[in-house]
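Down below is the structure, laid out as structure tokens.
Chain lettering (A, B and C) follows the sequence in which the chains are written, and residue indices restart at 1 in each chain.
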């Protein structure tokens, strides 16, 4: 049985006097114990909302959540606020995007680590401090005894993200969700943090849901990849398969728009046309159709269904033929 | 930190000197002035001239000012002409200062004790009827003239609750130690005196507390709303911490920073409000002396009390700024 | 729970990027729908209407002691409500309702007058300091700092006490002067922020004259906070004028009534005739609340942080 089973997860935001907004629209995926699964897409595709819905961190008012999120067989969406509170930090840990704003500026790092140990592992403060020191050591923070007494503003960006990872992993959760954990960091630090995460999840046997817009992150880390567009999974496959043979025009476009070091001089990048603002509602066809180079008439008339094609899930009327180069060259 | 404190204190000396010069010039130069104040509008020119000479008012203003400073250095700020005629201005201040400190202390205590929790709850329930009601209530609190509210409390609440409606304490046999009546009773063990002083304090303190309360409430609410949107609160939630820990350690500890600054600024409202409230309740503090002083144009008393109010206001704000540095590690450890 | 933000951000990033409405326009759009702002606006609308029409609305001359024969000084009696005088008379036997109605006029004058004087003073000082910088800035800011070192209401009392012969004008002046440093700081802060902003740098680079930059580019952009502050000052001015009257620093001439004066002057009979204080007090509270409601909602609407 999978550790995490997300089925038909839908999140609708309803604000007074506004049209309801389907941020997540029937998303399903599994995470096996110890596996790393990627959720990939542009901002606005619903990947962060998905993670917050799993963690039970969406506002009670204004967000309607349906579907099931089974963790070890229990549907997290059916748990009471208190039961969910007991699980967060213990069974599920989360790392956020901006390490500076994600740490409390007026509380020392030490306490921000120990409070979660005190809460879930019932450790007295002293014992928790020793454990916290080990944790900081483990995530590669030098001189942890000094750092425990310091405040977030005294740490570098990379250190802060390491501290946050230590906090999220303090209680050895079986599942870690990382929401763009490297986006706010310098490029050189990004690689360090990613390899740290890879190492830790392997050592601890933690399953990881990696949320990112950066296919480079996915390539180095994930076993399975879900590509999200407009709140729906449009393509899902094992990493190698997806990178070798992207079938959905959106995935294809994402891959084609990555700058490559081995590209010939003068070779042009291939961005995806338009922006998420051009979407049409899924109920009227394929949301990506207005930006899609492969779009047919049927794409703006019939909602494409999810099809299983030999271990690959695809939601497209006119997928890319394997081996096609970047669809159209646009001068940058 | 020390350099900063010293710089601020030097600035304070500058402000006090400029202010005292301005006040001094105002007393001497404006139509009327102390002579009219002492003799009335209809005095004969001869008696005016005599008094002018006697008071040294015929000398250039700067000479007069330096003479005044010289006397002030020895504690001689002149003699009251209206508040307690014949008493020295400094004595009047020293006598009455503890009363106003006591009153202001209780007022700000009430304002914080009610304003902060209410502001927090209001922010947590943003948009609810509770929130809307509290916000409108706080806006009305600012719109009510303080002295009118004081009168309503004095006439309506005092009889309804059986509380005394004027004075600082009944003529009971109490030992005086510090001049703070509530504290004296605690020190000497005369609990009835403390209780009696508190009974006299409660209504004026409530009247005086309204504006600071309204401001503290709104600042707390705004600060909590800001903090609730912060990423680190979401982190705290993702750690599964209990609601009280999140509230105390993560929300309030951050939201209190702007509130502390506001509390310093509210001492200004307290000092001004004390003038009105103490007058209504005949509460024998600095505020009442100022009220009577304005009414009877008692310039020596006004001069001293206004300067003292300024010093208190500036020093309290300096202390608040320093404490701010202590509670905000981002400033402390820079 | 608190986490509307990330989803909101995503939604705004994803869907509303193209919307190019200016801050003022979007603020106005939100204000028009805000019941709080509309309540304030209606209160102030009615207040201004009454004060303009009061000479015709008032049934009697507010200065005419027509009921003086009913005033019994010794037993502290005043004319009760009676036909033709629905609220009775005041301590001098003048029709109370007429005085309340006509009082709105002077109250409006006090509020608007104090705000205009405070604003003009602050505008001059703040513009000088913010636009010129250097020693002008230092001198102006020292003056402002000295004024701000005094608790504001106490400063107003002191200024009012300066005048040997108090009048409506001295009341307005006392209340107004206190606001000058507030406006000055506000404008200076906003100008300083703009001096280094791109649009001012661009104008300077294009060779636009300093005066033109200040008046065409910097001042208009500082208007938002100034409007908010002005609205709030309208409320405090009226309340502070009442406090001045209460301390005997107000206008002693009560032939033309003003609410603050009416309230401050009846303190001696508050326990025997509370309605003489209650009516002007309620009027002041409602009008001050009206201005405050407008000011606070304006502030919220103009705050870019709240632009969601």
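Convention: contacts are C-beta pairs under 8 Å (C-beta built on N, C-alpha and C of every residue); 3 or more make two chains touch, one makes a residue touch a chain.
Just so we're clear, the structure is a prediction, and the values are computed from it rather than from any experiment.
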| item | value |
| --- | --- |
| Chain located farthest away, centre of chain C as origin (C-alpha) | A |
| Chain pair that, of all pairs, has the most C-beta pairs in contact | B-C |
| Length of the line joining the C-alpha centres of chain B and chain C, rounded to whole Å | 23 |
| Computed distance of Cα centres, chain C from chain A, in Å | 52 |
| Chain A-chain B separation of Cα centroids, rounded to whole Å | 54 |
| Of all residues in chain B, the ones touching two or more other chains | 234, 237 |
| Residues of chain C engaged with two or more neighbouring chains | 1-4, 6 |
| Residues of chain A engaged with two or more neighbouring chains | 57 |
| Interfacial residue positions of chain C with respect to chain B in the complex | 1-6, 145-146, 149-154, 157-158, 160-165, 235, 239, 242-243, 246-249, 260, 263-264, 267, 270-271, 274, 277, 281, 284-286, 288-289, 292-293, 296 |
| For the chain A and chain B complex, residues of the former touching the latter | 55, 57, 84-90, 93-94, 96, 98, 101-108, 111, 115-116, 119-120, 150-151, 153-154, 164, 167-168 |
| Chain C-touching residues of chain B, taken from the complex the two chains share | 11-12, 15, 18-19, 22-23, 26, 30-32, 36, 139-140, 142-148, 151, 155, 228-229, 233-234, 237, 267-269, 271-273, 275-276, 279-280, 290-291, 294-295, 297, 302, 306, 309-310, 313-314 |
| List of chain B residues in touch with chain A within their complex | 230-232, 234-243, 245, 249-250, 253-254, 257, 327-330, 333 |
